[in-house]
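Naming follows writing order (A, B, C and D), and every chain is counted from residue 1.
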Amino acid sequence: MSDVKKVVLAYSGGLDTSVIVKWLQETYNCEVVTFTADIGQGEEVEPARAKAQALGVKEIYIEDLREEFVRDYVFPMFRANTIYEGEYLLGTSIARPLIAKRLIEIANETGADAISHGATGKGNDQVRFELGGYALKPGVKVIAPWREWDLTSREKLMAYCEEHSIPVDFSNKKKKSPYSMDANLLHISYEGGILEDPWAEAEEDMWRWSVSPEAAPEQPTYVELTFEKGDIVAIDGETMKPHEVLEKLNKLGGDNGIGRLDIVENRYVGMKSRGCYETPGGTIMLRAHRAIESLTLDREEAHLKDQLMPKYAEVIYNGYWWSPERRMLQAAIDETQKSVSGVVRMKLYKGNATVVGRKSEQSLFDESIATFEDDAGAYNQKDAEGFIKLNALRLRIAAGKGRQQS
Amino acid sequence: MSDVKKVVLAYSGGLDTSVIVKWLQETYNCEVVTFTADIGQGEEVEPARAKAQALGVKEIYIEDLREEFVRDYVFPMFRANTIYEGEYLLGTSIARPLIAKRLIEIANETGADAISHGATGKGNDQVRFELGGYALKPGVKVIAPWREWDLTSREKLMAYCEEHSIPVDFSNKKKKSPYSMDANLLHISYEGGILEDPWAEAEEDMWRWSVSPEAAPEQPTYVELTFEKGDIVAIDGETMKPHEVLEKLNKLGGDNGIGRLDIVENRYVGMKSRGCYETPGGTIMLRAHRAIESLTLDREEAHLKDQLMPKYAEVIYNGYWWSPERRMLQAAIDETQKSVSGVVRMKLYKGNATVVGRKSEQSLFDESIATFEDDAGAYNQKDAEGFIKLNALRLRIAAGKGRQQS
Amino acid sequence: MSDVKKVVLAYSGGLDTSVIVKWLQETYNCEVVTFTADIGQGEEVEPARAKAQALGVKEIYIEDLREEFVRDYVFPMFRANTIYEGEYLLGTSIARPLIAKRLIEIANETGADAISHGATGKGNDQVRFELGGYALKPGVKVIAPWREWDLTSREKLMAYCEEHSIPVDFSNKKKKSPYSMDANLLHISYEGGILEDPWAEAEEDMWRWSVSPEAAPEQPTYVELTFEKGDIVAIDGETMKPHEVLEKLNKLGGDNGIGRLDIVENRYVGMKSRGCYETPGGTIMLRAHRAIESLTLDREEAHLKDQLMPKYAEVIYNGYWWSPERRMLQAAIDETQKSVSGVVRMKLYKGNATVVGRKSEQSLFDESIATFEDDAGAYNQKDAEGFIKLNALRLRIAAGKGRQQS
Amino acid sequence: MSDVKKVVLAYSGGLDTSVIVKWLQETYNCEVVTFTADIGQGEEVEPARAKAQALGVKEIYIEDLREEFVRDYVFPMFRANTIYEGEYLLGTSIARPLIAKRLIEIANETGADAISHGATGKGNDQVRFELGGYALKPGVKVIAPWREWDLTSREKLMAYCEEHSIPVDFSNKKKKSPYSMDANLLHISYEGGILEDPWAEAEEDMWRWSVSPEAAPEQPTYVELTFEKGDIVAIDGETMKPHEVLEKLNKLGGDNGIGRLDIVENRYVGMKSRGCYETPGGTIMLRAHRAIESLTLDREEAHLKDQLMPKYAEVIYNGYWWSPERRMLQAAIDETQKSVSGVVRMKLYKGNATVVGRKSEQSLFDESIATFEDDAGAYNQKDAEGFIKLNALRLRIAAGKGRQQS
């Protein structure tokens, strides 16, 4: 373990990663560089500086990555209407590639030969951090303390703190919750505690970002979202940066009880786990994106997107953002978004995010053809006969030859 | 046109299909057999008998197909979590194969050489009826009056009625609505009228099966759904037949403002159209089915199902229920449902159908492994290192050889 | 039929399309523009000029499109290793989009309002010509004489010629063959005649581009093909233009008895048909392209390409080159080809095109890791245990809970 | 290491696995059960008995699994036209699930708590053995000596033999080859040696099962293969058991220089490797199966099979035969094979396996419709116009609205 000289740690400023700083210094006898990012988790990141300094860290990186996070990760993912296993909007998954990229970039800047993180050996996040790290810097050494050390219980961790004079008020307040939580601009997640029983209903006071539908206003909120090439660029006519869009939608969604989710999901490491998620803005965004696509995408490209989406979601969930297959899928997805521009009008009310209107200069909706009224010859109904007859030909031949039909 | 001897007509008892009876008799100088089915559209079918008799029809089929419809069509489709274009639950599409099958069976019983229906030349339903007809009886003659006659306006239709003494009170009351509507146990649909402008919000008084979320009760309703092999067999512990399940869920959903949908969809005949749908029971069922699968399906079969689903939905939407590709996909889907049994607990509240618990004797959720607490060695965290390293190997090799990484 | 003013005809100079010139002039009383292209069919195109003039055509387009054909259509298609139904290299399909595009461009240049072609109403080519035409000029009028006229037998056609003084030596010599044939730089096809019996073996004298394996030289020919970004740019070190590459490979393949194919295929219009094809150069190219990809593509992008390929082949076979779904798939495919560069060495011998070596500066083959000898720690075999254990976890949990395993 | 009581070893009788017997006895102080199977590798299995006895083994299983191997593994796989990465017929992959199953069954019979195999830590076979083992007996202990011991060079192995009095003539003669080889009824494979350079051509004397095309007879061999439900049941009219079919085809193929393959493939563990394979019978079988399907499968099920095949191949290659996803895919594939019956006539000549005829009572080829001659109205060419127009509608609308077309 003597061969690590300097390690860059994804540092939250909380108790666990503070222990890791000390443990890395001791165990590897190496220098630790901390990296703390604001990706919209809703807590100050600046306090991490003093904590890191108190632990003897000399190179401290504290960064606001909110805009980059939404622009280069969240938005591209939403262009595919990405959902994992029919339900999950990938709020945790999509934040990891950016963290991994910055860890490696900082390692390159500071001459570090290793990176480290505070994810456990049971979850998906270790995979996402490490696959990203290896893909971007193949010779990097990865240190995953939770897979190595013996501080496997809260008691041992506390004893370690006492022994090493790590102030326990480093403890992130969130961690006092009975749940394991993770947050960024796209979502907040809850695992553990009573949730480990899939039959148990989540308690109301667990949720932090949204009111319950019951507690939401009696009056609906209407909002108009303007898309350009698949991304939202304005809300109610006001142009915004990507992260401002998501912040605004989180506020609107949270206020109206939108975006709560309670699921059992399949982790990449092979087990099922139960998680609850709040994704207020993302839930609105997904609905709206489908609506603008319904007007502006060709049928066949839309269907092909739907067929590719589960694979794309799996690639991201499993941690392969930095991979050739993700780039390949992204190329296909982005090719379709050139014309995905226009406005979607939504009604937000007590948990419901409902599309009530959509319009676009790129619209492929042709009222003159679709109409139930006289279409003045825009569509020749007689064409349908040949269309059906030739589409039926293979079935008719098979039936005529006595092949099973039902 | 003299070569048709007898034609079986899908007869609703409404004005349009009554006109068709007369028009077929006149135009083809042939006998007409009427077939009227109760598939849960919410209207009496027995009155169709007198109307058909008044039109001189001698062979009149009136049938209650509700159980068969849900058991053999709706339930198999829901096993795949089927959604067309991310939103539509295929309520109209799934009813057509059964109608087509009965038309052909009745043609065989009555010695008819043709079938007929009242669908227009612009829509999907003509395709679904006729593909089914051709697949099941390849030599059948199909007569689609709306593609042939010149009664292309309401005025001409009325003139025809007057001329042929067809009482206009045959007119289905629904048809007085400004919308083109279709209903069965799974859903009711609305098209036309102001909906032809995709920007226009649907009017509240259009909806017939559900109260608005605003008007729904202030108290949530909890319900427990029991699945066996992918199908719901009991509600709150009470065993029910398939159509009783759907009727009950429609009531529960409709009362709680659940299942309204407003979309622009791509028709098989090549145009976009705007439709509104109410699918109260189906919306609950889909959510619940995914929840029981989340506990009982293996990850890889679940993901494969998700990848196949858009194709399966397309096959049904386009009218290919009676096709080898549908049977092939169904075989794969049904293979996965053997263990999809258990109970899902849902909360229904003002438009929201939320899963709050799921349990199953077939559960693959392993609490001893998933736990955040000490797992007593059920899972060896050190395994994750090798797992990640080998999964990263191809990426590391590529990066080591200078290949693009981001 | 009086509303067509000018029509651009895909004119081969043969008897059938010469009859069409006259028939169009007579039937539509319109001006005819002829378009004849050299796409490598192996016949002079210049003689078409005099023939067209003799028929009174004033605007005559004769063009050499060989380079464009291979560069913009054949090569992009081969980047996907495209095969239809496991066997067919799409030689006819890939030539149609270019013809359709030029027909429309010439229509725009000459102010024509219609296009016409000599394909029958039973085949795929009518679909490909017309889908292309409609996609590129939505208001164009398409005239398909074989679907309209009554010259449905050879006798009627001959009578028409006599009546209209069309010299029968316009008859293309190929057409004296008992087969319906089509040729371009990628392939020559044969249909009809004794081939209509799928059990009958094709006669040796049918084949025109290749010797039989029996008649091929006793000595193998070795050839080295240099790829850049997925396309062949040099043969045995000599840089060539795309069409020169294909011409050279056709010669090499044909001389060595390579590229004959005898299949039953499924047409888009719904029937099965039997066809024989000679694709000497394409057969070599496909094998070589897979070989260079085997060295330079990442595993996951290679697998994803393989999964998308059948759809891409279907899109091209069915005539949707000019479609959003083709562009979307092409974007994904082309994204993967950036590093597909290097050299493949092949042995050509009596029908066999065998890869015997491949090398690339972009190679992802890592001899130090792959070796059966001591790898000096490049690969840690112990990693495999964790890799396997976590990949097995879902299976172990299922088996532990008594789930069916075999 | 004391907790293993009895281990079942996949024992070839060769030097390596003989060393493993001794090493297991010593290292784990446990009883070893040997299992040796004839799966058509072309060597006597009975001699393994004496060798095992000499090593002190008391429970010795020697079995002829050839019929089961072909019937339950090879044939089902060929129903899908399975090819990995466009070239590889999965000869090694498909034998592993059967070995794994028997290892586990024997473990259950003998009360063993562990299984062991002689595969290295770099390859796919360890994964296939172990995934199978874990899936069928989740609590089984797996011992992979090559990942554990330090006998990592030939010298150390020989020293171990000398030290433990293992006669070196246990050495399998094949192993004196410079290649790492594996054989069963489906194929023989070669890796290592000069093949580790992908540019180096394989030497002629490496190949063992086939003559070179050059050395094959000057006269072609014709053969007729009879299929029932997707499997070959007779050759030239003679009914045979599955393994007899494959033995006969191997002979025919090998004699005619058919089935050699030289590729670079992507292993599941993340590296590329170069392998040469001889699959004489399989190569003929694949071609023939596609031919009989071309006549008897519906177009859409055939295309869907082609789209699913790469995934199915990946599942088998990666070792997931005993998995829910394989069963799911198999259900879909088998559903399509009910009508895949008939006869294929093939010509075998100097490396070429060419289909020259196919016939079937289940044929969907309709000569009366496909004919170039007068079809007496079986097909109405005018239907094609409507077919094309509606298929073009979405493209026309898009073009009419100025959307990009090329």
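Rule of thumb we're sticking to: a residue touches a chain if its C-beta (ideal position, glycine included) is under 8 Å from a C-beta of that chain, and two chains touch if they have at least 3 such contacts.
Which chain is which protein? Per UniProt: A, B, C, D = Argininosuccinate synthase.
Because the structure is a prediction, the values reported are computed rather than measured.
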Recurring contact interface, reference B-D, options A-B, A-C or C-D [over half identical by residue number]: A-C
Turn needed to bring chain C onto chain D - CA fit, degrees, nearest 5: 180
Chain centre separation (chain C, chain D; CA means) in Å: 31
Where chain B and chain C are represented by their mean Cα positions, the distance between them in whole Å: 40
Residues of chain A engaged with two or more neighbouring chains: 266, 269-271, 298-300, 311, 323-324, 363-364, 366, 369, 379, 382-385, 387, 389-395, 397-398, 400
For the chain B and chain C complex, residues of the former touching the latter: 298-300, 338-339, 362-364, 366, 369, 379-380, 382-387, 389-391, 393-395, 397-398, 400-401, 403-404
Chain D partner contacts - residues on chain C that touch it in the complex: 81, 85-87, 101, 120-122, 126-127, 130-131, 134-139, 142, 144, 146-147, 152-153, 180, 191-192, 196-202, 213-214, 218, 220, 260, 262-266, 269-274, 290-291, 294-295, 299, 302-303, 306-307, 310-311, 314, 322-324, 345, 347, 349-352, 354-359, 363-367, 369-372, 374, 379, 381-385, 387-389, 391-392, 395-400, 405-406
Chain C - residues contacting chain A, complex: 266, 269-271, 297-298, 300-301, 304-305, 311, 320, 323-325, 327-329, 331-332, 334-336, 390-394, 397
